[in-house]
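One chain, subunit A, appears in both complexes that follow, with subunit B as partner in the first and subunit C in the second.
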Partner chain A sequence: MSTPTFWRTSAHLSRRLIAAKQPYRCLSCSVRLAQELAQEQAKQDAKTTHFGFEHVPESEKESRVGAVFSSVASSYDTMNDLMSLYIHRLWKDRFVRSLNPGLHPTTSSLPSSKPTPQTILDIAGGTGDIAFRMLSHASTINNDHTSRVIVSDINPAMLSEGKKRSLETPWAGSERLSWVEANAEKLHMIEDESIDLYTVAFGIRNFTNKQAALSEAFRVLKPGGVFACLEFSKVNNAVLNGAYKRWSFGAIPLIGQLVAGDRESYQYLVESIEKFPSQREFAGMIERAGFMLPEPPWEDLMGGIAAIHKGVKPV
Partner chain B sequence: MIKRRHLLDSLLNRPPPNYEGQVPLNVFERGALAAGSAVMSLLNPRRGDLIAALGETTATPYFIYRLRDAMLCNPTGRRILRDRPRITSKTMSVEKLRALPENTVGRVYVGWLDREGVSPDTRDSVKYIDNEECAYVMQRYRESHDFYHALTGLPVFVEGEVALKAFEFANTLLPMTGLSLFAVTRMKPAERSRFWHTYLPWAISNGLKSKEVINVYWEEELERDVADLRAELGLERPPDLRDTRKTLREQRKAAKEKREKMSGLMAD
Partner chain C sequence: MVNSKPCHAALKPSSCVRSKPCRRLYHSYEHERPPPFAPTESRILSAALSHVPTHGFATAALIQGARDAGYLDVSTNLFPTGPFSIVNYHLVTQRLALAKDAPSTNDTANNISENIRTLALRRLHANKPIIHRWQEALALLTTPAHLPTSLRELALLSDEFLFLAGSTDVTSTWYTNRAGLAVIYASAELYMTTDMSKDFVETEEFLTRRLAEGEKVKGLVGGVGAWAGMQAGGLVDGLRSKGIWI
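Right, the complex of A and B next:
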C-alpha cells in the first residue's frame, strides 16, 4: 500500500472508530418502545428525567436506581475492582489526598485553643470507601483523631454493606463514623452550616435532580466549607474514548452478568455515565448552586475518564 | 478489515432486538459470555442463570437450528412451533395436576416440582439467541426439562441431573448439555463410578435410539400414563437412582452398626 493510501485508510478507520454515533436504539429503550408510544401523550406534561438512556418520570427514577443498587450491593466492591481493573482505588486515593482531611495540630492555621473537630459528610457513600480513607488520612497523616465522618446513602442495602466493612476498621461503632439513610436532595437531618467537607464519589450521576443536591450541599456546608465530587466524566482524547466506550458497553455488562448475575444494572450504570454532563457543564452547575470554583475548576483523571470537581462556599 | 470495523462498532450501535427481552451480542461478546459462564458455573453450580446463558451462547451456529429443523420435520413439532405453548404457573395449574392419578405424566411432573421446591416460573427467559423462532425452541427445551425428569425418573440432585444432561445431549445435541458433563468432576467417587458404568451408557443408547423429546406436546400428554409415553418414544427407564442410593445408604449404616457392636464386644 502506498503511503498516501495508508494514511487515508488509517484516518478513515480511526474516524470510524472514534466518531461513534449515538445509538439510535438502545437496549433498555427498545424493550419499552411499545409502552412508551402508548403513554407518550399522557407523559408529555409529566416531568421526565434520564434513567441511563431511558426516559422515566422523575418520581420513578429514585425507585429504579434503588432497585439497581439493592441488587449490586453485595458484589459492589468486587465489581468495582473488576470493571475499573482496580484503578478506582487509585482515583479514590487521589481524591482523598487532594482534599487532605483532618486538622494537623501544627500546620492548620487555627487558634491555639481546642478547635472543633472536622465534620465530613460523605454522600452516596454506601460501602464506605471514601469514609474509611478520610478517617485513615486524618488519623495517620494529620494526626487528627477527633474528626468525624457521616456516611449517608439512600439505599439501606449499601449502608449495611458499609457497616459490615467498617467492622474491619478501627472506627466501627466509634463516634468518628456514623451512618445515615438519606436522600441527598433532602438532608433534613443535617443542620445548616454544620459540615466542613461534603464529598460525593461516583454517586451524583444517579441523583434525580443534581441541582437540588448541589443546593442542599450548599446549605449544609459551613462558610468556607468545601464541596468535592469525584465522578465519571467526558474523555478528552478521541482514541482513548473509542476504546473506553467499547470497554464500557461491551465488557462491563458482561462482567456484571458473570460476577453479579445482573446485566441490566450494569447496563444502566454505563448508560448513566454516558448521560452525565461534561466537566464544563457540571462546573457550571456547581457555580450556579453558589459555590466559588477553584482554579482549575476540575481535575481530570486518566484523560477524563473520571474528574474531581471542587467548590468552596463563600465566607 | 471491514468485518472487524463492524464488530467494534456493533458494541455501540446495537441492532434493535428481534423479540422482547433479546440482548443482541456480537461474536466476541457471545464467545466471552460462553467461556465466562462455563468457568463460573463449574465453580458455582448454583448459578442457574449462567448455565442458561451458556446454553444460549453455545447453541448458535448450527445446533439450535438443527433442533428447530427436527421440530419442523415432525407433525407434532410443527404444531408446537405454530401454537407456541409456554409452560408457566399460569398455563400449568399445579392443583389440577396434583389431582391426577399416580402414574400420569402430570402427577409425576408435579411431584418433581414439589420435591425440588420450584415452580414452572423459575426458568429464565431466552435472551441471547437472535432468531426469534430458535429462541422459542430454546425456551421450550428449558421449560420441558422438568418433564424430562418425569419421563426418565431421574431425581433432581446432581447425580440425576448429570445423567439427564447426558441423555439430553444424545437426544437434542445442544452443546451446553454436553458441557454440563464436566460437572462429573465435582461428583463423589461412588457417584462417578455409577455414572460411568450405568448412567452414561444408558443415556447415550437411549438418547440416540428414542425419538426427539423436544417434539412431545406435554400439554396434551398430562393425563397419559408415563410408561405408555416411554414406550411410544422408545426409551427405557434407568435403574432408580433414589432407590439405589437409599439401599446403599442403609447397607452402609447396617455395616457401621455391626462394626461398632463388634468393637464394643471386643472391648469387653
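Right, the complex of A and C next:
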C-alpha cells in the first residue's frame, strides 16, 4: 500500500537550527562510566532518571530532551530517513494500517448503532507524520471524513514544524487537525474518557516517567479505546543485534554530525533507544496501567529493531 | 489464539493410571479446562459470530461484534489476527461443546466407530448456520500465517473425537490415527460447503462412506487432495511436513 507523498517535504526543509543548543554533554559516556555514575547516583537521595546513558535529576530531563528536539526539529525528517535507511516510513505505514483508524465503511451505514466520529490523540506527534497518515487512512481506506486527530508535543519547535508541513496536506486549517503543546505525563487539557485512539510513535522513550504517561493515556481514553505505541525495541537475534548496535552507535551520531551538525543530540537518540525496556517489560507496564493486552501483546518489526505495542481499555 | 492453550496445562494427573500407559496426554477433562477465551474476548467474538451469516468472516462482523459488546470500532485492535479470530473462536468453542453430551464411556467399547461417526456428524452440523460462509473461513484457515494454528486445531478436534468416542484402549485399528480422522473430517467439512441436499444428508453419507473405507489410504488422498487443491492452501504439504501420513 502506498502512502501519499505530499507531506514528504524533508528535502525542502531548511537546515536552520530553531533553538540555540543548550550547553550539555551526554557523549563521552561509555557504558562503564554510565554504570559508575548510576551506582553513585543510587546512593544519593535525589530522584534521577536516564538521559541517554547519563543520569540526570528528573526535573532536568524534560529540558534536556527539549533541547535535543529543538535542535533537531528542522532536520528531523532527513535524519530519520538517513538513520533508518528510510525504513521508519514503512514502520509508520504498518503502524497506521494495523490500527485501521476511522469508522469502518460497511458498518457506519448500519442503523443498529450510530457511531460517533473518532478522536485520535497523537502524542509526541511533533512533525505530524503519524497524524497525516491517520487522516489519510481514515479518508481513503475507510471513507471516513469526520474523524479527527489532535497532535500533541511538548516541544513548540516540533509542533511548528508540523504545522508548517500540514500546509501541504488537505487538512491544513480543517477542524480535523488540531495542535496542543503538552507534556504527555500531564494531559490536564484533555478530558477524561474523550479519546478513541491514543498513539505515540518514537516518543515514549524520551518521557521522564513512562508509567505516568501510560496512566494519563488510560485516563483520557474512552472505555474500549486503544493505546498504541511504535518504538525502537530490543533485537531478538544476536547476530542482527551486533550489526544493529554497530550501526546505531557508530554511524548514526556521525550522520547526525554531517547532516545536522549536531552529533550530541543524535548520540542521545541512540542511547535512549538502548535504555528503553524490552518488549515484555513494556507490555507489563501497559498492563499495569489497566489495559487489556492483545495476544500476542506486541508485534516485532525487523526482528525487534522496532515494535508495536497495543492495549485496550476495558469497558 | 488467545488463551487457547494446549490442553496439557489442564491435564488431570489421575487420568494416568499407573498400570496403563497414559496414551492421551493431550486430552483433558472438560470441567478442568480453563476457559479458552478471556471474558471480553468471548463477548466480542461470540457477538461477531452472530454477524457472520450477513457479513461473512470479515472485519465488518468483528466490528459489529465489538459494538454489540459495548466496545468501539477501534477496540478490534484486541484481535491482531482480525477475522481469523472469529474462525478460531468458532472452532475452539464447537470442539469443546462436543463434550457436553458425548456418549458415556462405559458402553462404548464395541461401538467406537459409530460414536466417532455421531460426534463428527454433530460437529459438522454445528457449521450449519454459517455453512454458506465457510469457504471464507477455509480461505483464512489455509493462509500460510494461520496454517499452523489451523492444523493444530484440526488435530485437537481429532483427539476429541477419539477420546469422547471412548477409543482410549484401542491401539491397533486405523482410526486411532488422529491424522487419518482429521483428514476425513476435513474433507467432509469441505464437502458440506457444496452440499445442497436436505439437512445435508449427502454430507452424512460422504462421512459414513469415508469412515467405512478408512483403511483404504487411496481414498483419503483423493479427499484431501480435493480439499487442499480447492483451497490452494497446501494442506497436504502442511500435514506432510508435520510427519502425517498422506
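In the analysis below, the second predicted complex is superposed on the first by the 263 of 315 C-alpha atoms of A that agree within 3 Å, B and C clash if a C-alpha of one lies under 4 Å from a C-alpha of the other, contacts with A are read in each partner's own complex, and residues count from 1 in each chain.
Here is the rule we use: a residue touches a chain if its C-beta (ideal position, glycine included) is under 8 Å from a C-beta of that chain, and two chains touch if they have at least 3 such contacts.
Owing to the predicted nature of the structure, the values given are computational and were not obtained by experimental measurement.
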Subunit A residues touched by each partner, larger count belonging to subunit B or subunit C: C
First (subunit B), second (subunit C), both or neither touched by A:226: second
Touching partner for A:170 - first (subunit B), second (subunit C), both, neither: neither
First, second, both or neither for A:258, with subunit B first and subunit C second: first
Which of subunit B and subunit C A:57 touches, first, second, both or neither: neither
Which of subunit B and subunit C A:246 touches, first, second, both or neither: first
Subunit B versus subunit C as contact partner of A:99, first or second or both or neither: second
Touching both subunit B and subunit C, residues of subunit A: none
Parts of subunit B lying in touch with subunit A, wherever the complex brings them together: 1, 5, 8-9, 11-17, 20-21, 23-24, 28-29, 32-33, 36-37, 40, 47, 49-50, 53
Residue numbers on subunit A that touch subunit C, as the complex places them: 98-101, 103-104, 106-107, 110, 112-113, 115, 118, 196-197, 222-226, 228, 292, 294-296, 299, 310, 312, 314-315
Residues on subunit A engaged by subunit B in the complex (per definition of touch): 13, 16-17, 20-21, 23-27, 30-31, 245-246, 249-251, 254, 257-259, 261, 263
Subunit C residues touching subunit A - in the complex, by the definition given at the top: 1-3, 38, 40, 55, 59-60, 63-64, 66-67, 69-80
